[in-house]
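Both complexes below contain chain A, partnered by chain B and then by chain C.
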Partner chain A sequence: MFLLKLLLKNAFRHKLRTGLTMVGLVVAICAFGLLRTIVDAWYAGVEGSSSTRLVVRSNISLTFPLPLNYAQRLRAVEGVQQVSWANWFGGVYITERNFFPQFAVDPVSYLALYPEYRIPDEQKLAFYRDRQGAIVGRKLADKFGWQIGDQIPLRGTIYPGTWTFTLRGIWDGADVKTDESQLLMHWGYINEVLRQRYKGRSDQVGVYIVGIDEPNNAAAVGQRVDKMFTNSLAETMTETEAAFQLSFVSMSEAILVAVQAVSLIIVVIIMAVMANTMTMTARERLAEYATLKALGFSPGFVVRLLFGESLLIAALGGVAGLLLTWPLAAVFRSAVGTLFPVFQVSGLTMALQLAAALGVGAVAAAWPAWRMSRIDIVAGLRHVG
Partner chain B sequence: MTAPLISIQHLSKGYVRGGQAIPVLLDIHLEVMAGEFVALMGPSGSGKSTLLNLIAGIDKPSAGTIEIGGVDIAGLSEGELADWRAANVGFIFQFYNLLPVLSAFDNVELPLLLTGLSARQRHERVAQMLQLVGLTDRADHYPSELSGGQQQRVAIARALVTDPVLIVADEPTGDLDRSTGEEVLSLLDQLVHELGKTIVMVTHDPKAAARAGRMVHLEKGVLVDEVGA
Partner chain C sequence: MRAVPFSYIARNLWVRRVTTLLTAGGMALVVYVFATVLMMSEGIRSTLVATGQSDNVMVLRKGAGAEINSAIGREQAAILSTLPGIATDGAGRPLVSAEPVVLINLPKRSNGKPSNVTVRGTSALGLQLRPGVKIVEGRMFRPGTSEIVVGRATALGFVGIDLGATLRFAGREWLIVGRYDSGRSGFDSEVWGDAEQMLQAFRRNAYSIMVFRLADPSLFDGIRARIEDDPRLALEAKPEIRFYAEQSEALATFINILGLSLAVIFSIGAVVGAMITMFAAVASRIGEIGTLRALGFRRGAVLTAFMAESLLLAALGGLVGLAAASGMQAVDVSTTNFQTFAELAFRFVMTPRIAVQAMVFALAMGVVGGFIPAWRAARLQIVDCLRAA
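Take a look at the complex of A and B:
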């Protein structure tokens, strides 16, 4: 109790210095948490992927389509339970700044493969029945204030012209990892228009999504699929949904590495700042530590005083930084809109924030504590702080 | 015949600076009886503070023995010496050396944390000591809120609170005006005559030294004269 009282009083002896150090810690821990959350958001697609879904695409490039008739052949592959398909639509809603992902899908088979999209049955049926209908995730609907029945005009970039869809449903994600920032429309409708206007571009599929019976069979099923289409006009590359998502993440891996490096550098910088604070503190109190040792207190007591004070400041700054991360993440989330489908401060990030703060406190105190535990009492008593 | 509380034999202390040996104390012999008030005097650099530090167990001799209460403290390890100091020595410093973030009460309580006393026992003991030095009404004051004389009285209460056999005082009136210094010296007198404490005090001030029952003079590390032995 006495030690705690001494720690608290020592920690706030120089209120301005301690306050500024804590502000630095709050900023650093908050920045660390936000940067980690950005990295997590980048990987959200991978995290939210299913282990029982495979993605089949052209082995030349994602931009090369596959024929529609592959669907029938895929259904016959051993281990395949469901088959659906999707095309990237790439439309513009009013302005390019409003970017969000849009996919033309086969509604019934697609939603069967994505049970994590929770949509009321009547909305689902309304979507199935309306070939010009669309459904969107909750986050996207909230962003643009869309209601059921609203008309959503999209200017096609891949598929020329202006396409207007009627909003028939809004899905909620089964958990925080579920993407709620997409728009889905009927592949059949798009294909029908293409058949009329650009015959050569109809009956083509961007990717097939294949539901398999058992996650352990993913590799075998993938090999069977790719083998089946070997030497065909459109050879395939089949991978798990996670690997497919990861291939997008890997395109920006250098940026992610840089972001992670910056988050660590911030922690190292605040560590140096705090170490400086603790070193100054210890030097100023040299005569006090010498007095304590003269009175019979052990070097360990002096070590506990310095570590305790440093950890106390670090813990207070760390917790404040952690608490501030939530509102800042919310602001960031609303600022970036649907750029990151999932932007959530994870439990692991919070634990790492606290660990980083305490690590900073411990490292900052190490050198001054070691020095002060070894001070010569006589020399220390001569010191004028 | 009663054995002396402090028995110093063939005590030498030296430092090495830049490869050169610098002797500070040379073959000191000194005995102090329990209940004595001894003043160590001498010019700057004579080694009086070094001798006091050695007696207090915060420095180690180069040669010789320092027996206090029958214990040769020169042979104790750092840890043993810390325990020995906590139990046997009370310190009074020239600049009081109180912890500025603690109240007078907490400063006096500090050495008691090294004893096995309960909080209630500690608080009773601290209250007694503050009453002894006449600062009961200043118990909650911080050092910065006390005058120099009051701070030194808090330091004296801290030195006494564990009931040590020996009190060492390094220039206890050096930072005080004449009348406040007199008050502090009277308090030290009281400790010797009423509580039977043994005090070894370093001072430059002949008037302060005159309050001690015995004066020991050092010059260039050698004990040259004694008055009142």
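Take a look at the complex of A and C:
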């Protein structure tokens, strides 16, 4: 108890310096948490994927389509329960800056495979009935202020021309990991127009999504599918939805690695600031520590004093930073909108934030503590702060 | 008014070596991050700008935006190649190249995961249109065969890209017969083969893009109007340089925004560090300040002295950070450009402009961190100072 009181008194002897150090710590811990959350958000698609869904795509690359008649053959594969398909639409809403994913899907089978898209039955029916209809996630609808019945014009980059869809429904995610930033439209409608205008491009499917009965069979079913289409005109590559999403994440890995590196650099910067504070503190109190030692306190006591003070400041700054991360993440979430479909500060991030703060405190005190434990009492007493 | 000697300022920093080092180190890291971010987006930009030729024109389907989205049918290609204003080669053939551009998956050397590589079908004319592309090992592919040549960055970045090896895609084995270097342009991250062979293998009837050389750069506006007004075409034409520059925009902007907001957040930490150091410098030298004032140095001189000390500290940090950042120029990076959806290799590029910006940023941190402590030092009363000592 006495020690704690002494630590507190010591820590706030230089109110301004301690205050500034803590401001630095709060900023660093906040930034560290936000950066980790950004990296997490990148992986959100992977976390939100289901283990009972497989994605079948062309084995050349994702940009090559598969023929529509594969749907029938996929249904016949042992272990496959449901089959649906989707095409990346890649339209532009007003300007390129408004990017959000759009898929042309087979509505009934697709929504059956994605039960986490919660949508009222009457809206669902309205979407099924209107071939030029579309449904969107809640976040996307909020971003652009869309109401049911609104017309949404999209300028096609892959499918030429301007396409206008009527908003028929808005889905809410079953949990925070569900993607609410997409737009879904009728594959059949797009295909019909393609058949009229560009003969060779109709009846093509970007990816098949396959529902399987048992997650453990994913590998076996995938192999069966790929084997069936080996040496055909369009060979396939089947992977779990998680692996499929991960392949997108790994594409931007260089950026992710940079963000992660940077989140460590900020911890190092604050370590330098904090170590600086502790070195100055120790130097100023040289005479004091010498006095303590002269009174009979052990070198270990001096070490404990310095470490305790450093850890105390770090813990206070760390906790404040941690608490501030939440409102900041909320601001960031509303600022970036649909860029990151899911943006949530995870438990692991919070634990790492605290660990980083305490680590900074411990490292910062190491050098001055070692010096102070070794000072010569006479030299210390002679020293004038 | 006499100024405090510079040697006094510099030696103050030297006396408190550890503190100086830690503070400057923090600033150096911030400047390092700031500079590398700018270097990265500059690298992407210069790589893609270098890909275009000033008198080449790129033709794509209207609204396609990227090469892989575009499609140009054979009839459209035939119409295009008869347009007036296109330069001809020695044999009188128009310098036009119709090219299929597709993506294939290849495993990356760094992590074994597949990434998208651009495969371009081209021809002898296509090679003439890109004089920057030079074979550095092996030979060029022969027309009409399943031979391919690979770019320098593709060869470095992906598994199994060796001379004499074969790549399997689109139901065929393709023999790698050469490696080319395009002088650090976007083509370095591609694989090139024969256009007609590619169309057959990928079962396509349409090319993706067309490139042609203008006989005279001033003809561009006329030829673009002809292309865009022709209802049979539904195509758009752009100067090649501008097309490739646009391909770099999204990624370069993204990296800029992300990086600069990080640098600003970091700078708060570094400014706090500088402020703590300068406050301590003032506090431990109250007696000295009093003596200086008593000797006849004015408040302004004291303020200048402490500001100079802070700026010196910041300049030291800035220089160290800048030096570390220039070391990054030796590093090659490769990531997916999400505008083209394909792998792009580039380098960090340092320019004088970036160096100046980084130093200004460092000095600004020094000013912000040093001003309040210096102000406080200048405001001290002589009597109080001398008594405190």
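Criterion: the second predicted complex is superposed on the first by the 385 of 385 C-alpha atoms of A that agree within 3 Å, B and C clash if a C-alpha of one lies under 4 Å from a C-alpha of the other, contacts with A are read in each partner's own complex, and residues count from 1 in each chain.
The rule we apply is simple: contacts are C-beta pairs under 8 Å (C-beta built on N, C-alpha and C of every residue); 3 or more make two chains touch, one makes a residue touch a chain.
None of these values were measured; they are calculated from a predicted model.
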item	value
Partner chain(s) touched by A:247 [first = chain B, second = chain C, both, neither]	second
Touching partner for A:295 - first (chain B), second (chain C), both, neither	first
Most chain A residues touched (candidates chain B, chain C)	C
Contacts of A:280 with chain B and chain C, given as first, second, both or neither	second
Touched partner set for A:2, first chain B, second chain C, both or neither	first
Which superposed partner A:16 touches (first chain B, second chain C, both, neither)	second
In the complex, chain A residues that touch chain B	1-2, 5-6, 9-10, 13, 287-288, 291-298, 377-378, 381, 384
Parts of chain C lying in touch with chain A, wherever the complex brings them together	18-19, 22-23, 25-26, 29-30, 32-33, 40, 61-66, 68-69, 102-105, 111, 113-116, 169-171, 202-203, 205, 234, 250, 255, 258, 262, 265-266, 268-270, 272-273, 275-277, 279-280, 284, 333-336, 338, 341, 343
For the chain A and chain C complex, residues of the former touching the latter	16-17, 20-21, 23-24, 27-28, 31, 35, 59-64, 90, 96, 155-158, 160, 200, 233, 235, 237, 247, 250-255, 258-259, 262, 265-266, 268-270, 272-273, 275-277, 279-280, 284, 367, 385
Chain A-facing residues of chain B, complex	53, 56, 58-59, 79, 82-87, 91, 93, 95, 97, 99-102, 106, 109-111, 113-114, 119, 158
